[in-house]
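I have a structure here, written as structure tokens, and I will follow up with some questions on it.
Naming follows writing order (A, B, C and D), and every chain is counted from residue 1.
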Amino acid sequence: MNDPHSALPEWQVSTWLNTPRPLTLQGLRGRVVLLHSFQMLCPGCVAYGLPQTERVRRAFPESDLAVIGLHTVFEHHAVMTIEALRAFIHEYRWSFPIGVDEPDGRGGPSLTMTLYGLRGTPSCLVLDRQGRVRMHHFGQIDDLVLGALLGRLIAGPSLRLDDDAALGIHADQTPTGDAVGCAPGSCGLPCDASIADARSK
Amino acid sequence: MNDPHSALPEWQVSTWLNTPRPLTLQGLRGRVVLLHSFQMLCPGCVAYGLPQTERVRRAFPESDLAVIGLHTVFEHHAVMTIEALRAFIHEYRWSFPIGVDEPDGRGGPSLTMTLYGLRGTPSCLVLDRQGRVRMHHFGQIDDLVLGALLGRLIAGPSLRLDDDAALGIHADQTPTGDAVGCAPGSCGLPCDASIADARSK
Amino acid sequence: MNDPHSALPEWQVSTWLNTPRPLTLQGLRGRVVLLHSFQMLCPGCVAYGLPQTERVRRAFPESDLAVIGLHTVFEHHAVMTIEALRAFIHEYRWSFPIGVDEPDGRGGPSLTMTLYGLRGTPSCLVLDRQGRVRMHHFGQIDDLVLGALLGRLIAGPSLRLDDDAALGIHADQTPTGDAVGCAPGSCGLPCDASIADARSK
Amino acid sequence: MNDPHSALPEWQVSTWLNTPRPLTLQGLRGRVVLLHSFQMLCPGCVAYGLPQTERVRRAFPESDLAVIGLHTVFEHHAVMTIEALRAFIHEYRWSFPIGVDEPDGRGGPSLTMTLYGLRGTPSCLVLDRQGRVRMHHFGQIDDLVLGALLGRLIAGPSLRLDDDAALGIHADQTPTGDAVGCAPGSCGLPCDASIADARSK
């Protein structure tokens, strides 16, 4: 992950829902990709992350933008099962493809979560048509700012690699840190950062 | 349930959370009671029913008003377990006592849900200091209307039994029907009324 | 205003809108009264104070609760005229009676505003059936809390004068101070407290 | 206005506020332009149009996007004066330049409103860097959709004139009609379409 402009490695998904066949980053190359990392018991994901992801899916043509959910469990593993996720998706009518991130088997953050350096949920990654990460955001992000980035990338053949500054969007900076957790303000109380150092595994 | 002024029978709760000891309607007699019936995977409960219940708990003294949640599962039994409910309560920081309604053992609505004639989730029952049902509402209810009813009942020794009309609050009428389901508007799509006739059991 | 339980003196209104005849506090005796003090160019009044007042009017029977608006101008006198107020009421469809508070003729807060010790807009006064002030609030107030107070007062013959503590509602305290202004958070920036000491006039 | 790709003619503004000098479309050529047409007594403008315009101004660099308000009065001329507008801007802290559209002198819609074929308030025009109209919208518009369009146009040298379909954003269609009024849903009641045929003047 040292070079922000290198293509993101493939995710490690054990099960796909809401799609007739497994999806790969390689297979999405050529389209802009929004990857929404969530947990079904994460209040901020339910209140704003997932509804925003659903709105994005409806606002852009699928030929331009692929919208993908990734269920990245890092806590309460025993109850955030695939069966529970299926019921959650059914009740909330999420319509975009959702991959179940591969568990690490030791009760820590799931594999892709660690691979991509995701700090917690909700997180949002945006990739350009070449598969390069153009946004990596932990927490809530404004519709206007997200829409502008997606619009720019969809119109993007004109964007040069050294053109990041020209993206010119005043997005919140993702604070750095090692703890995996829920985003500030997405819980009623400060989160239990019990899985600190997960990224260093 | 023929006489709206008769006291409500006791609930049938298998497990209590957020309280050091089991609660009974009898033990709450003398206080006004708000009973919020929900499911952890019901979108309308998560979006407005439970947050409103939490606000009510904070707005009134516990000596006047007892606020109780009742987890009334009528679908997805395999995943809305007590362990899952515990994680849900922890993540959302619900602070009021929550009882797990006794399952019927046949995959239908839980026992108290049927006993009280609850049509689905979210539902809200308000009892006066004498334990009589003064509101039975399925779906969303306005804060102003709910607050007014609670304020009236707390001030209530002056209310006579034949005084219902004088409550004078323009509440939505609960539509009658036999299906158990989620409240209109609380899901993205029309609900699957697969448990119709549950009340007639 | 020393005794919170003494009846409020009559307002001094120059013009009434939305009512076929002038209203007096004396004439409303026997009903609970909600008096909403606002200015048409006060952002907090437009965003939450006035919409809440309209919701209150619709939620309670007029025979129990009189809902009154009071246009208490303390700034921008030249443009918040009666003619402008009429257009404002028409466009926003406010349906409750609105009195135009008598100007002081010197560019300061209007007369009833000073008489009642209102600190700015939006302010809300609630009177019981005997015309005594039971709430005096500057700024935003929660629907649940306001509804509870109104419900209690409407049910209120049982409330004794020394019973305030029993009202038991956790309302925000009105901070004390001498400046007339807009409520905290109702403007985008800290308010210009240019009319400080108005209450001491 | 027959050719949507022809440059928009200059506005006719009598007075500018929030800017040290008058602005012209010609002078903004090379930047994307968002023009928000509003009235200070239009509920939909105050509730969502103007706040969205302010958010847009803060989300994009001024070097890429010029955000302009246009006070297009078509009713209540006697009270929506420049002096009143100044107080309104001060109280709401709008920070973008606002032009006062030239009145027609006969109590009808202001001159630029008619020139641009604006159907009412709030309306939103978006121009590309060449000054061509790329969106003409009456009523509420989603942040995500607006952000996407602005992002695309800012990245826009790659967009060809015949590329509209490729904009690919699922925006609401502006219904056609001759009446000038407020946008559906922006008033509490159906609007008084008393200024119908204004555009034919």
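Quick note on the criterion: a residue touches a chain if its C-beta (ideal position, glycine included) is under 8 Å from a C-beta of that chain, and two chains touch if they have at least 3 such contacts.
This structure is a prediction, so every number in the text was calculated from the model and none was measured.
Chemist: Using the touch definition from the top, what's the fewest steps needed to get from subunit A to subunit C?
Modeler: 2
Chemist: Centre to centre, using CA atoms, which chain is the farthest one from subunit B?
Modeler: D
Chemist: Round to the nearest whole Å and give the separation of the Cα centres of subunit C and subunit D.
Modeler: About 36 Å, centre to centre.
Chemist: Rounded to a whole Å, what is the gap between the Cα centroids of subunit B and subunit D?
Modeler: Their C-alpha centroids are separated by 48 Å.
Chemist: Residue numbers in subunit B touching 2 or more other chains?
Modeler: Answer for subunit B, listing residues that touch two or more other chains: there are none.
Chemist: Inside the complex, what are the residues of subunit B that reach subunit A?
Modeler: Contact set of subunit B toward subunit A: 41-43, 46-47, 75-76, 78-81, 83-84, 87-88, 91-93, 182, 187-189.
Chemist: Over in the complex, which subunit C residues touch subunit B? Could you list them?
Modeler: By the definition above, subunit C touches subunit B via 52, 55-56, 58-61, 63-64, 142-159, 168-170.
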